[in-house]
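Contents: one structure, followed by commentary.
We call the chains A, B and C, going by the order they appear; numbering starts again at 1 in every chain.
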Amino acid sequence: MTRRTPWGLLLIAVALAVPALGSRFYTFLANDVLIWALFATSLNLLVGYTGLVSFGHAAYFGIGAYTTGILMKKFGLSFLLAFPAAGVLAGGFALVFGFFCVRLTRIYFAMLTLAFAQIVWAICFKWNEVTGGEQGMPEIPYPSLDWMGRLPLLGSLRTSDHFYLVSVVLVTVCLWLLRRVVGSPFGRMLTTIRENAERAEFIGVNVRRYELAAFVLAGAFAGLAGGLFGIFNRGVFPDFAYWTKSSEVLIMTLLGGMGTFYGPALGALVLILLNQQIVSYTEYWPFVLGTILIVLLFVFPGGLAGALGTAARRLRRAT
Amino acid sequence: MLEVRGLRKSFDGFLAVNDASVRVAKGQIAAIIGPNGAGKTTLFNLITGHLRPDSGAVVLEGRDITGLAPHDVCRLGMGRSFQRTNIFPKLTVFQNVQAAFLSHRGRGCDLWSRVDELYREETEGLLASLGLGERAGEISGFLSHGGQKQLELGIALASEPSLLLLDEPTAGMSVTETRETIRLVERIARERGLTLLFTEHDMEVVFSIAQKITVLHQGRIIADGPPADVRADPEVRRVYLGEL
Amino acid sequence: MPDPSFIFAQSVSGLTAAMFLFLIASGLSLIFGVLRVLNFAHGTFYMLGAYAAFQFMVWLGPGRGRFWLAALGAAAAVALLGGLVERLLFRRLYGAEELYQLLFTYALVLVLGDAAKMIWGTQQKSVSAPPELGGKALSLFGATIPYYNLFIILLGPVIALAFWLTLQRTRAGRFIRAAALDRETLGALGVNVDALYTWVFVLASFLGGLGGALISPMRATTPGMDTEIIVEAFVVVVIGGLGSFWGTFFGALIYGQVLSFGILFFPRFSIFAVFALMAAVLIVRPWGLLGRPLK
């Protein structure tokens, strides 16, 4: 009997080894991918598992980023407090916004998520005193990571590498938590809502309450991703919450395949790497992305992970 | 067990259910029949909480459940199957029924345990008693129509109801499938001491197992009693024969 | 308290903005009502209308009547594009999940938006107002209203009325309304629903493109105007009621006034105000002013 390949551990090992390549660029890319993978997976909790399509998920990403940014830059709070605070605050807003959103369905739900996200954006854009307004908040400090310099093997690395390793750990923990959630009875209840909300009601599922719970969880993890991103990006800006950011993460989720847990993360990887490649040849990245999407829509409705999954199944059947 | 008092429901001026009153005793097998559009499904929806009545009351085991949300009604011991097959298509047969157990036994708040092995015994047992034991791993959306209806019954039963509402359980089935389903339903009702209330178009089915029949016509109840009485009732004959 | 003439001027500016929004939002509403999809690319059609108007003006040169020719030409070009997109691409997605249809319209935003950048570059383009109307202004209640603005304010209701009459009185209009209610039955009655969908898309694109062309003398044509306007159009359609024609008209009016008075009294939070209004409508009365109430 063959042992199942520990893909998860392999990936973590690979991720941890990236700084060893010595390239600032690769570490930067990998960090970007990690954060977006978390962001996209959090959205998938809503879209893929509960069947709720949100057009305003970037709101929580932005709230998380601003929370961490403001706490660390303006109040000098440590990352240990500022990071969880991002999740808590984002989750809190998700609770308030979500309460109203889950009372609606489908297109109205989507529109309200969009409205709330634009409200968040508008506040970030205009509230100069707190959020820095249109200019945003540049120069968010790194958390104090000197202690990492004293660890074996890590002494020679830069601060950005240290932060990257912290990201790896944090994102892995978050993804692991999300994995537990979707594999739990609660997660199964969410899929029943996606499959058939009417039927779910009549096995005793209070659909609205579960949807709200999913909304809050998704928002909280998006906030955590945002908290990381603000530091990674060395600055927090209002466009973190703009609707086009919401559509970017939604595309990653759909591209990677919302039917699987790791699909969105794969989508993030592919999209970011593709972006990097294309941008070196042409400035017309949106054109390329749009064309790819259209082609994929007509050929692979299940997204990349769906296509890979089908291919894998066919291979298994053949061997 | 179940008492419906004076239910009324209008849609945009159209009176779908007009002063309906029904009583179903514990352990009884009761049927609601009537021509198409008589208001049977609306009545069901009023009883299960999917619709709010304009006036009237629904009482389950002495408890007023009028206007309660469907998930609360379900938790109070009512199970239901739907006219158009309502299952969880992308989940497997096993997962469909397991979900009902999970919800009923209050595991929905559990965000930590791994779900796959929970309630395996109960689920497989229930599937076996329905004849779906071997299909447990199949994706339920690919089941035949009859299989899906059986699965729906399974989902309803997994909520361990004391009153089971079946909306046209044999719709779209062949003669053999119908007979099998009815035998199955009757056996299960007997084994579990369930009270059963169902609607049907197939008169053979109705008269073979129902102990009490209520006839609905244009939203009003025009007859209510044992099968023999209902069969002999002149207005019932008029309504049905007049339809031909 | 700002003086009355200033308030009046703001109100007029709000009216003008409302008419443009009405043009775009009505196309959006039409597509949603009949095809049941929220067309993210509608803002891009608007932008392409503006660019096309610019291009036609370049080709035609200045002169009397050229602007109107350019505007109509632009609208027609965008309409043609819309028809092609529907016929060749969008049609294939009708059976697919709504989400994938939405994704397609967003992909169009990416592709067409960048295409505009490729063709016209990123610098602002401007179109001069038609000489018949440009330069002259009306003095009313102490405010100065350019003739072009007046034209737009009058054109809006004219188009609304013409559109409404078409929907109510003509055969095609009746088919459109029927398709919005029940496309299957319509198909069963022998109506060529496929062709109807294409024409709906064409008409909606025409309106969007016309809006863009007509606004080009008033606002600079730049990339990014598509993503800006589409969200505004969403707000209008939500306030008025998704799928309702007059709802879109009044929704646009309300939006215009809220925006202009928001800028007047709460300049920092005017953008906040419109989205707060959108959220409020969705929370309290999701079907908007004149939409069909939800179940």
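FYI, contacts are C-beta pairs under 8 Å (C-beta built on N, C-alpha and C of every residue); 3 or more make two chains touch, one makes a residue touch a chain.
Here the structure is a predicted model, which is why all the values come from computation and not from measurement.
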Taking each chain's centre as the mean of its C-alpha atoms, give the chain farthest from chain B. C
What chain is most central when centres are computed from CA atoms? A
Averaged over CA atoms, how far is the centre of chain A from the centre of chain C? Could you give it in whole Å? 33
Cα centroid separation between chain A and chain B, in whole Å? 43
Per the centroid of Cα atoms for each chain, what is the distance between chain B and chain C, given in Å? 49
Can you list the residues of chain C that touch 2 or more other chains? none
The positions of chain A in contact with two or more other chains are none
Would you pull the chain B residues touching chain A in the complex into a rising list? 48, 50, 69-72, 74-75, 79-80, 82, 86-91, 95, 98-100, 102-104, 107-116, 118, 155-156, 158-159
Spell out the residues on chain A that touch chain C in their complex, using ranges where they run on. 47, 53, 100, 103-104, 106-108, 110-112, 114-116, 118-119, 122-123, 125-126, 243-244, 247, 250-251, 254, 284-287, 289-291, 293-294, 297-298, 301
Contacts from chain C onto chain A in the complex sit at residues 38, 89, 92-93, 96-100, 102-104, 106-115, 117-118, 227, 231, 234-235, 238, 242, 268-269, 271-272, 275-276, 278-279, 282-283, 286, 294
Which residues of chain A touch chain B in their complex? 180-181, 183-189, 191-192, 195-196, 198-207, 210
